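What follows is chain A paired twice: with chain B in the first complex and chain C in the second.
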Partner chain A sequence: MHRERLENALFRAGYLAILTFMLLPLAVVVVTSFAESGNLAFPPEHYSLVHYRTFVEETHWLLAFDNSLLVGVGTTIIATTLGVTAAFGHEIDDGRAGQVLAPLVLIPLLIPPIILGISMRVYFVRAGIGASYPSIILAHTLWATPLVYFVMRSVFSRFDWQLLDAAKDLGAGPIRSFVYAVLPNVKHGIFVGALLAFIISLQEFVMALFLSSRSTETIPVVAWTQIRQSLDPMVSVVSTFLIIISLIAIVIATIATNLDWLSKQLS
Partner chain B sequence: MSEITLAGLEKRYGDTLAVEDVSVTIDDGELLCLLGPSGSGKSTTLRMLAGLETPTDGEIRIGDEDVTDRPAYERTTATVFQDWALFPHKTVLENVAFGLKMQGMGKDERREQAREMLERVRMGEYADDDPMNLSGGQKQRVALARSLAVNPDVLLLDEPLSNLDKRLSEDMQIELREIHAELEETFVHVTHDQDEAFTLADRIGIMADGTLVQVGEPNEVYENPKNRFIEGFLGDTNFVAGEVERTTADSVHVETELGREVVLPRTAGADGAAALAAGESVALSLRPEVLSIEPADAATFDGEADRTQPVRTDGSTTNAVVGTIENVLYRGSTIRYSVAVEDTSLFVERTVADSGAFDAGDEIRISWDGADVLAFRDDGSRVDL
Partner chain C sequence: MSGTHSSSSLPAPIARLWESLRERSRSKRALLLMAPLLVFELLLFVAPFLILLRISLTNGSQDLRYAPGTWSLSGYSEVFSTDILLNAITYSIKLGLLATAITVVIATFYAYAIWRSEGLVKSALLFSVVLPLLTTLVIKTYAFMPLLSPNGTLNDVLLSLNLISEPIQFVPGTVGVVVGQVYIVLPYAVLAIYSVLATMDWGIVEAARDLGASRPRSVLEVVVPQAMPGIIVATVISFAWSVGAYAAPGLLGDGQNKARAFALVVEKRLLTLLQWEVATAYAVVMLLLMLVSIVLLTATLNYFGGEFEYA
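Coming up: the complex of A and B.
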């Protein structure tokens, strides 16, 4: 008993150490964003908000934020729709097509993004959409859809499919039975899937690099070009914003998924 | 008019045949129970009736309409599911009003009707509750109200009582009967519980291995089973193996593993016995309720006399064996004795109220009238005696 507790404590301490070591760079990023000097150094000699002011004043960063947001939302909508409907279809008709679907959907995640980026650049130029918002959105969708799909497979596997039968039996057609019987019971899962798609799109860099033009650059792409010129704290400012956005998203997801659980605990 | 006709209904999943050539006509206002062990295809048949499964062959007609390819949401059937399938995110009232909402009824009107239906199943006070907080019996009532609210031509019940405890299930059986009598709608009720089927049904359809073996009124299928499966499935019985020794004009003599010859009388007009060849093996069904028992020493037992005794004018024969009680099993209102007879054993029953209980080791005489015995061929078909 005693020994077990000691082992537990040691395991936790070890786990925490590794986690801290891995997450510490994030703290460095945040701290360096408050540096006064123009060089990226840790720890900074003096602290100020000067780079935050520059960030707000520099239009190409704000444009990159807009671009990232646009690409992210577009990816989220398409990937969530495709992922949810694919998982739903697989669940209600587990035939031969379904057995092929799962590995097929996985393929984009197995191909190195640099190869995907180059081939899609060639492909989209041929297709006439070149380096544009749609091409980045489609590329990100290729990555985000499998993730949404697998999240939804697990969500649907816990769904009571008799509810769908009951809705149909009571006169709800295919769309209404989905909207009234399925959707309300899996909406948290869909939300988590959508959030995942958004974050994937927000941080994806390699494919975006190949598929963006000057006017459609997303944040990671701008950050990359910036760093290549000079390593200044502006990159840290942008990264801090990205970290904050991701954190907010995670908090929202946690609240959304546990809201029912939370209300049950409180009542 | 909601007479239902199933003609040559078949459902195949890949190589598995779940339902095979099911044909039956269910009268308007009838309560038909589909009874069978799990995996017999009864639920699949019901789901095809509901439109939740598409038959791979055959035809379903409700009234005068062919509904075989019509989806569930366009059929005038309503199903009560085994786990009730109440919508967890809706209140009890919203659950019951759902079907009416799908029919496009206005909010106030459908809530009013749903409330009335809840009152009818005595769940009115739970209208605003979360269905997940209800007990099994209450969920069952709500599910019933939800299905009845759409005023279906046919109500389909898929083992809705199997998840309730015995007492509650029996109460619900009586209530279902009352609701059926009141509504005069056609009900199809699927169950694996024969007591439930006998209590509820106007007619029972017995299913085994995907086929509908026999359809008939409860006493008819019990007393006049079509094959050995039904005889064994309904109630308890002793199957005794034997070989036909000889057939006379009015009787069949079977040499059995009980070590004695059993004489079965033949009814005039029945031709099954004529086809029985000497030496053909048969199984005899001795139900415990036709077996009488008495202490062996009190009996005036003469085996040879029994053997030669002819069929009496009322068509009965006396058969008897002596055995030793091996086990005594108390089953509440009855006592079951397992009796060793030669190389096999028979079980017999007595009600607790009967005087003179026996103990293990006692010798008893078991006798029966040959006319109460059913005989089955090796392939399970019944011999028409």
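Coming up: the complex of A and C.
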């Protein structure tokens, strides 16, 4: 019995240590954004909102927010459309096309982003659209679509297909039967898929770095450049906003589905 | 109301024909729905790689990024004759193996803890994985600078506890790179293993314990082999991304790290020196090296996984 209690204590200490390791770095970023001084130290000596005030006044950060938003929305629209239609097609007929598609969309996720970034850069420069919004959006779509696709396959696999057949037997065309019989039952899934696509685009860094110019830089790219020049808590302010956006997304997705299901989709 | 389009009211042969037509149009419709994504993958993933491969086989050029239309192995000979390849193996592959080993051990333990916990604790543990997963790697690496630098938090704590007499330079340095890289890939590894564990029946572990296996032994001999598919996915992801690590060596590494890391070397050749044939050749060589390493790693894991199972 004594041994069991020791094992329990060690087990708990182990996972609490990892929990701390997972959350402490993000907490450090948030706390340092409230520092009063201009140098990065944790914990800060005095707290203030001075860096938030400067942040609002700096136009290049606001431009980066606009860029991120534009790229994120573009990625979300394309990735969700491609992912939902393909998953639907795969679900109604698991033919040879589906067997090619599933590994094909997965492989880009297993290749280091740096290599994808290089191949995209070379490709887009040759195509003449080098560093532009479309090139970043298309690169992010390559990264976000697999997630939407696998989320939707998991959602469709739980859908009762007799509903669709019933709608067809009642005379509805393919589009009407999708809108009235399928959509109401899978809209939560589509919403979560789209939300994840947006967050992935918002946070993606390496490909964006290789595909952006000064005027199209997204937030992570501007933050990266800033950190390389000088370390000041301004980056913490921007990071805090990004962390809060992800936090809100997780809360919304958890309400729409549940955290356990969401976690399994992300793997 | 006996709908004439319903197959049930038709004579058998016609009904069969109707069904097969319906099946065919069904698979055609499915193909039509999958076509956009297939075309997208071909244009945005397969085509760029073919062009990457083609450019790696061209000659260098003085005033262009490469000499279009030429055939040459000069890019590859540059990779093999200079210290590029040596650094790839002694630095990037080594970093990949080290980060992966640490990540997979921690991830297996944590995934097990999540699987065994319930209610609020389970939610908290899952949340601690999902939030960093959905945070940009710029923030994830940046966060370690105030923590691990010579005048950072960890050194302050160690100094005040009199455990060290002068600050240790974790950042910039290899320790910082490894810690940062583990932090970047850990969430993906945990979820890959957890999603496999979640399908497992706890009864098997209980049976092993009833038969007298100690707790650590039951985990090692029952849980680990069952979780092996997840562990393999976690290994592949951690390894591939750590070999190609860009942010961690770029921000947390010292000059040595920056001069040797694959991602930073290839970036310099591509963007600063404008030697596309060398950059693309290096990318191709690195992909092959990774592929070989991943095959070896997976085979090793499968071997040991089998070992545990029959022990």
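Structure notes:
Just so it is clear, the second predicted complex is superposed on the first by the 240 of 267 C-alpha atoms of A that agree within 3 Å, B and C clash if a C-alpha of one lies under 4 Å from a C-alpha of the other, contacts with A are read in each partner's own complex, and residues count from 1 in each chain.
Note that in this section a residue touches a chain if its C-beta (ideal position, glycine included) is under 8 Å from a C-beta of that chain, and two chains touch if they have at least 3 such contacts.
Quick caveat, the model's predicted, so the values are computed rather than measured.
With chain A as the common reference for superposition, the partners chain B and chain C occupy clashing space. In the superposition on chain A, contact of A:D169 is made with both chain B and chain C. Judged by the touch definition given at the top, the superposed model places A:D160 against chain B, while chain C stays out of reach. In the superposed model, A:V206 lies in contact with chain C only, and not with chain B. Of the two partner chains, neither chain B nor chain C is touched by A:G74.
In the superposed pair of complexes, A:G193 makes contact with neither chain B nor chain C. Set side by side, chain B and chain C differ in how many residues of chain A they touch, and the one touching more is C. Residue contacts after overlaying the shared chain place A:P184 against chain B, while chain C stays out of touching range.
Of all the stretches 93-101, 111-119, 147-155 or 201-209 given for chain B, the clashing one with respect to chain C is 147-155.
Touched by chain B in one complex and by chain C in the other are residues 169 of chain A.
Those residues of chain C that touch chain A in the complex are listed here as 3, 5-6, 26-27, 29-38, 40-41, 44-45, 47-49, 51-52, 55, 65, 106, 109-110, 113, 117, 122-140, 142-147, 151-153, 183, 186-188, 191-192, 194-195, 198, 215-216, 230, 233, 236-237, 240-241, 243-247, 251, 262-263, 266-267, 270-271, 276, 279-280, 283, 286-287, 290. Interface of chain B with chain A (complex): residues 50-52, 71-73, 77-79, 81-83, 85-89, 98-99, 102-103, 146-147, 150. Across the complex, chain C is touched by residues 4, 7, 11, 14-15, 18-19, 21-26, 28-29, 32, 40-43, 81-83, 85-86, 88-90, 92-93, 95, 97-98, 100-101, 104-105, 107-115, 118-123, 125-126, 138-139, 141-142, 145, 149, 169, 174, 199-200, 202-206, 210, 219-220, 223-224, 227-228, 231, 235, 239, 242-243, 246-247, 249-250, 259-260, 262-264, 266-267 of chain A. Here chain A touches chain B in the complex through residues 160, 162-163, 165-173, 176-177, 180-181, 184-185, going by the rule given at the top.
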